[in-house]
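Same chain, two partners: chain A is paired with chain B first, then with chain C.
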Partner chain A sequence: MLALAIVVVMAAYASVGLGIDGQIPSGTFTYGLGLAALMFAAYGVLAKWAPWADPLLLPLVTLVNGLGLVFIYRIEQTGQAGASASQQILWTALGVVMFSATLIVLKDHRTLQRFTYTMGFIGLALLVMPLLPVIGDSVNGASIWIRIGPFTYQPAEMAKLALVIFFAGYLVAKRDVLALAGRRLFFIDLPRVRDLGPVIITWGLSLGVLVLQKDLGSSLLVFGTFIAMLYIATQRTSWVLIGVLLFVGGAMLAGQVFGHVQDRFEVWLDPGNPAFYERELGGSAQLMQGLFAMGSGGILGTGLGQGFPREIPLSFSDFIIAVVGEELGLTGLMALLMVYALIVQRGLRTALAARDPFSKLLAGGLSFLLAWQVFIIVGGVTRLIPLTGLVTPFMSAGGSALLTNWILIALLVRMSDAARRPPPQAIQNEGLTQVFTR
Partner chain B sequence: MSELALLLIRLAFLAVLWFFVIAAVGVIRTDLFGPRTAPSANPRKLPTKPAKNIPAKPKRGEPRQMVVTGGPLQGTIINLTEQPITIGRATDSTLVLSDDYASSRHAQLFPQDGQWIVEDLGSTNGTYLDRSKVTRPTPVPLGTPVRIGKTVIELRK
Partner chain C sequence: MNATIKRAAVACMVMFALLMVNVNFLGAVKAGDYSTDNRNKRSFYARYSVDRGWITADDGKTTLAKTVDTGDKTFRYEREYPNGRMYAHVLGFFAPESARGIELNENKLLNGSDPDLVVGRLIDFVSKKPPKGASVDLTIVPAAQKVAYDKLRASGKRGAVVAVNPKTGAVQVMVSLPTYDPNDLAAPDKAKVATAYNKLAADDTDPLLNRVTEKTYPPGSTFKVVTAAAFLEADRSRDPETTVPAPQVLDLPDTTAGLPNYGGAACGSGEVTLRFALERSCNTPFGQIGMDLGWDTMRSESAKFGIGEPIQFDLPTAGTTIGPEIETAALAQLAIGQRDNQQTPLQMAQIASAIANSGVLMKPTLINKITGPDGGVIQEFEDDEIGEAMSGEVADELKQMMVSVITNGTGTGAQIPGVTVAGKTGTAEAGDAPAPHAWFIGFAPAEDPVTAICVFIEAGSAGNDATGGGTAAPLARDVMQAVLEAK
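This part shows the complex of A and B:
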């Protein structure tokens, strides 16, 4: 499967070259072999340190990451500023290193449970970091970067991971209280007020981040993931209802009070309006160009290297999905979404097979995080929901997200290894009993 | 490069992409149902096959596995042998429960004349065989839920 994934990526790369200059780019084999070496190294680590792990996660991720590289290369060829395939390859290599390191260092994911509150604190600290005066940095009106020397980094990406670990640890400890205590009202079980605390705090937090950093995507992501994990932990519909109500309320409030949120809503509802289209920052031009691109792609696409991704601002990061839609068409986009769905399916499968509640919650939460992230950005680009800036996992240019997602996959691989490891052989001897390690 | 060649390359690439997706689904299928050659993949043909092929396995119609279908240990599978299975919070039980509603030696399952019998070992909260409380050793039919505290187990083939 891994080899097949690499072959697909190389084919994509070659066909980009054919589409642009009519010849196979000279780098096809060097890049392809480089990627292959990288991924087979990751596979080696996987085989040695997590032999029972899910066999599909790595090939699927390899494919998405490789296609991301190809598309960034393709956009770089058009001369759009900011797209750099070589940089992305560097980050991919770093991502694979982090993947391997996580697998080697973290022998048992349950050690993470001990650091529940530490993780929560780290997550919060990372979220707030960009607001600090010296290292914080603001780009395009959103202050979500930190800058240390020449390096910029989005700590919020890593914060998501830390927060999911915190939620999992916290909910394992509290889930019985959350699920069982409370009154019944209108067919739904209302939880007790003091148990609502964590939800309210997360809600306040995500709104706070939204307000202070103007980062809609992250707050939506964190809040949604928390609600999903609450639901997984307690199996109570009431939490989902409360979550949705809180979010709608928060979004309404934010839409009324803050200009940039209001802009997003206007752009979403009426992108064709010239007043919005012409607007300098936060206008609908990007959204409309993305829609045009996907429209011109049609069902089979224009072919790799034959679209006009240059027309879409930031086509290499937020709008890479629109470029895929243009050049590979609906067919290609659906294949890509299927690959994402399969990754998520493997994650949820791990959650089902996991033996202890902490890994169940963690695997479920991480898979949901990935799925939710894909939904938010693809929904945003296709104008299903208001557009919020988020990266497409493994595809968009952006090192911090790539690193984080590789670590996320490493965690899933680690858990699937633990879940699929066959139980120790039963001792068929009278007088001896079998001890199950959980 | 002619238009036609580009078109063919485009279609070929999409086909390869989908081939990858379908191959991945195939792997998942194997993971879920086992390889296609395994006898379990085709249950309807099973009864017609002679039993000689699998001499070590128990007779047809008898359960082979105990599956935990509910509670914190959900998904755990224990293969049934001739040995009795003890269930409880005691660490020397076959299935160790960490459940406040289970007693340390809660119940046991043992084979007798080709049937599996569940027996409550004087637990505090009782053992339930499909809603009714187990008061004396009772045979467990296939697929009937046995509830012990928050844990539900089932016998399967």
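This part shows the complex of A and C:
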């Protein structure tokens, strides 16, 4: 499976070269072998430290990560500033190291449950970091970066992971209380008012991210994942309703006060409007160029290396999916979405198979986080929902997200290993009935 | 918790399903709008990513438009016109956002998107080769085109020359002056091309206009052949020797003005033969004939030559008319090609062509052959008959009279040594302007016509005393001679 994924990536890489220069790039084998070595190392770690793990997760992620590399290489060839395949390979290597380290160090994921509140604190701290003076950095109007020397890092990416662990630990402890029914209104059991506390806090947190950092995507991501986990833990539909109402209300309020949320909505409703298109900040030019790209791809796409990704601002980041749509067409997009769906499905299967509630909640939460993130960014780029900036997991250029997502996969692998591991053999086979034959 | 995890899983799958449906909606429904949006530069880039087919003449021996591989990544293939100015109105141009002429009309074949080329395109797509278009060979005779262009340009006059093969409708010469350089409009630079185009469009002499097909002018006395054809057709007891009244000034009904002959001259002695009237291009006999034939006959007879609607052609053509039905006096004037009578040079060449081809009118065409990128022939020359403009007998009588015009009438300037030429001159008043349009239509050799021609010199570019015989006929002679020599 893994070998197949690597062959697909190498073929795609060669195809890019053919499309651009009419020859196979000299690096096909070095890059390909590098990636292969990396992934087989990861496989070795997986085989040794998590032998019962889900066999599909690593090949699937390898495929998406490899395709991401190919597309970043392809965009780099057009000369768009910021796209660097060699840097992305470096980050991929680091991601694999983190993946391996997580598997090696974390023998039992339930250890994490002990650090529930620590994780909560880390998550919060990471979220707040970009707002601090000196290390905080603002790019394109969003304050989501920290800068230490030449290195920039998006701590929110890691914060998501920490927060999901926190949610899982917290909800497992409190789910019985939260599930207690309050008054019944129409067909919905409302929760007790005093149990609203954590919901309100998370709500405030995500609105804080939205308002202070102007990061609509992360805010939506964190809050949505929290609501989903709350629902999984308590089985109360009312929480979902309350959550959605709270977020929509909060976002509308924020939209009234802060322009950038409203801009996004205007642009979503009428991206072709020249007034929005020409707007310098919060305009629709990027969205429209992405749509043009996907529209021109048709069913089979223009072929790798034969589209015009440089027409799309930041095509290697948030809009990499539009480049996939242009060069691989509808077919490629559908296939890619299918791979994501498979990863999510394997994660949720792990949640179902897990033996303890914390694992169930954590695996479910992480899987949902991934699905929700793909939905928010792909939906945004394809104009299904208003565009909110988020990276496409494993594809977009950017180290912070790649590292986080590799750790996320390591956690899923660890849990799937635990879930699929056969129960320890009883020491004595007392239960066995011996059958004698005469 | 498993029940809610399953529900969350359903929610995830619904999200993915929504994404997939939306992606398909985008690709299937919205893609069309996106591709035509002018903020989408892809269609602009795409124009230069195709190895566009060449345009040639003379069975591929003369290159008129070629595609050059620049090696540039964004604009790989650029268009060049080796003899741009000479062929500008035939070829048109291939600009960043538009095209004209054959470049426009045959665009789908030239850029390879025509359904006939689907197999080759698929192979190119799979093998990642740039798409290649079909090449188009024109019926133009380069040697004659060059003579027409050089002579007309050297004279410094504005006008048009068009020659067709009367038996097939193949266009041999098409020159319109002033002209422009299509190379200026083919660069992959929108701003530069827009500037060049705007400059041409603002030019008072209208270099972008194809005077052969796109504009109508009063045809003057060249139209008398149509009136004569109608006169002969109306009563088959008539022939070139039939006498017609030829006063010095024709009285027009309901008006004090009369219709004089050219320069107020007399025409014979009050009564002349039809042949003599045509030779000398007398106005009064044809004015009288027009009034005698009446509106319906004049209209139906000219419709048989294709007048009254735009000619079906490979380039855009203007609609022609003999004018609206008004007072009888107008009838006399349209019969000599004046008043509201408006014809294109191509239409006048068609009239000469029909007479040359024993009355049968052929559809004019520029396309000789279209060859796919793989060398397979996609389309070959095919002549197409429009209909019978007059009986073969009448055509022969007209031919005889037109030969007399050249031998001892107004068209002596078109004589070619050793070749019998048939023709008719025309000098048309252009509105209130003091200078007239000069016309010549004709064909040669009269016995077995190879080429039918129309030369048109625009009013004002050849002085106030320009005449069809003096200004247009010699040019027609040179061009016809060049066609005959090239054959």
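Here, the second predicted complex is superposed on the first by the 424 of 438 C-alpha atoms of A that agree within 3 Å, B and C clash if a C-alpha of one lies under 4 Å from a C-alpha of the other, contacts with A are read in each partner's own complex, and residues count from 1 in each chain.
Just so we're on the same page, a residue touches a chain if its C-beta (ideal position, glycine included) is under 8 Å from a C-beta of that chain, and two chains touch if they have at least 3 such contacts.
Only a predicted model underlies this, so the values are computations on that prediction, with no experimental measurement involved.
When both complexes are superposed on chain A, chain B and chain C clash.
When both complexes are overlaid on chain A, the residue A:V344 reaches chain C alone and has no touch with chain B.
When the two structures are aligned on the shared chain, A:K48 is found in touch with neither chain B nor chain C.
Looking at the shared chain after the overlay, A:G303 reaches both chain B and chain C. By the document's definition of touching, of the two partners only chain C reaches A:G295; chain B does not. After overlaying the two complexes on the shared chain, residue contacts for A:R355 are found with chain B alone; chain C is out of touch.
In the superposed model, A:K107 lies in contact with neither chain B nor chain C. Judged by the touch definition given at the top, the superposed model places A:A233 against chain C, while chain B stays out of reach. When both complexes are overlaid on chain A, the residue A:L4 reaches chain B alone and has no touch with chain C. The contact surfaces that chain B and chain C form on chain A in the two complexes overlap at residues 15, 18-19, 22, 300, 303, 306, 329, 338, 345, 352, 357. The touching residues of chain A, when paired with chain C in their complex, are 15, 18-20, 22, 228, 231-233, 235, 272, 277, 285, 288-289, 291-300, 303, 305-306, 308, 311, 325, 329-330, 333-334, 337-338, 340-341, 344-345, 348, 351-352, 357, 360-361, 364, 367-368, 371-372, 374-375, 378-379, 382-384.
Residues 1, 4-5, 7-8, 11-12, 15, 18-19, 22-23, 55-56, 59-60, 63, 300-301, 303-304, 306, 328-329, 331-332, 335-336, 338-339, 342, 345-346, 349, 352-357, 426, 428, 430, 433-436, 438 of chain A are the ones that touch chain B when the two sit in their complex.
In the complex of the two chains, the chain B residues touching chain A come out as 1, 6-7, 9-14, 16-18, 20-21, 23-25, 27-28, 31, 72-73, 75-76, 78-79, 81, 83, 86, 91-96, 98.
Of all residues in chain C, only 1-9, 11-13, 15-16, 18-20, 22-24, 26-27, 30-35, 37, 39-42, 45, 73, 125, 128 touch chain A in the complex they form.
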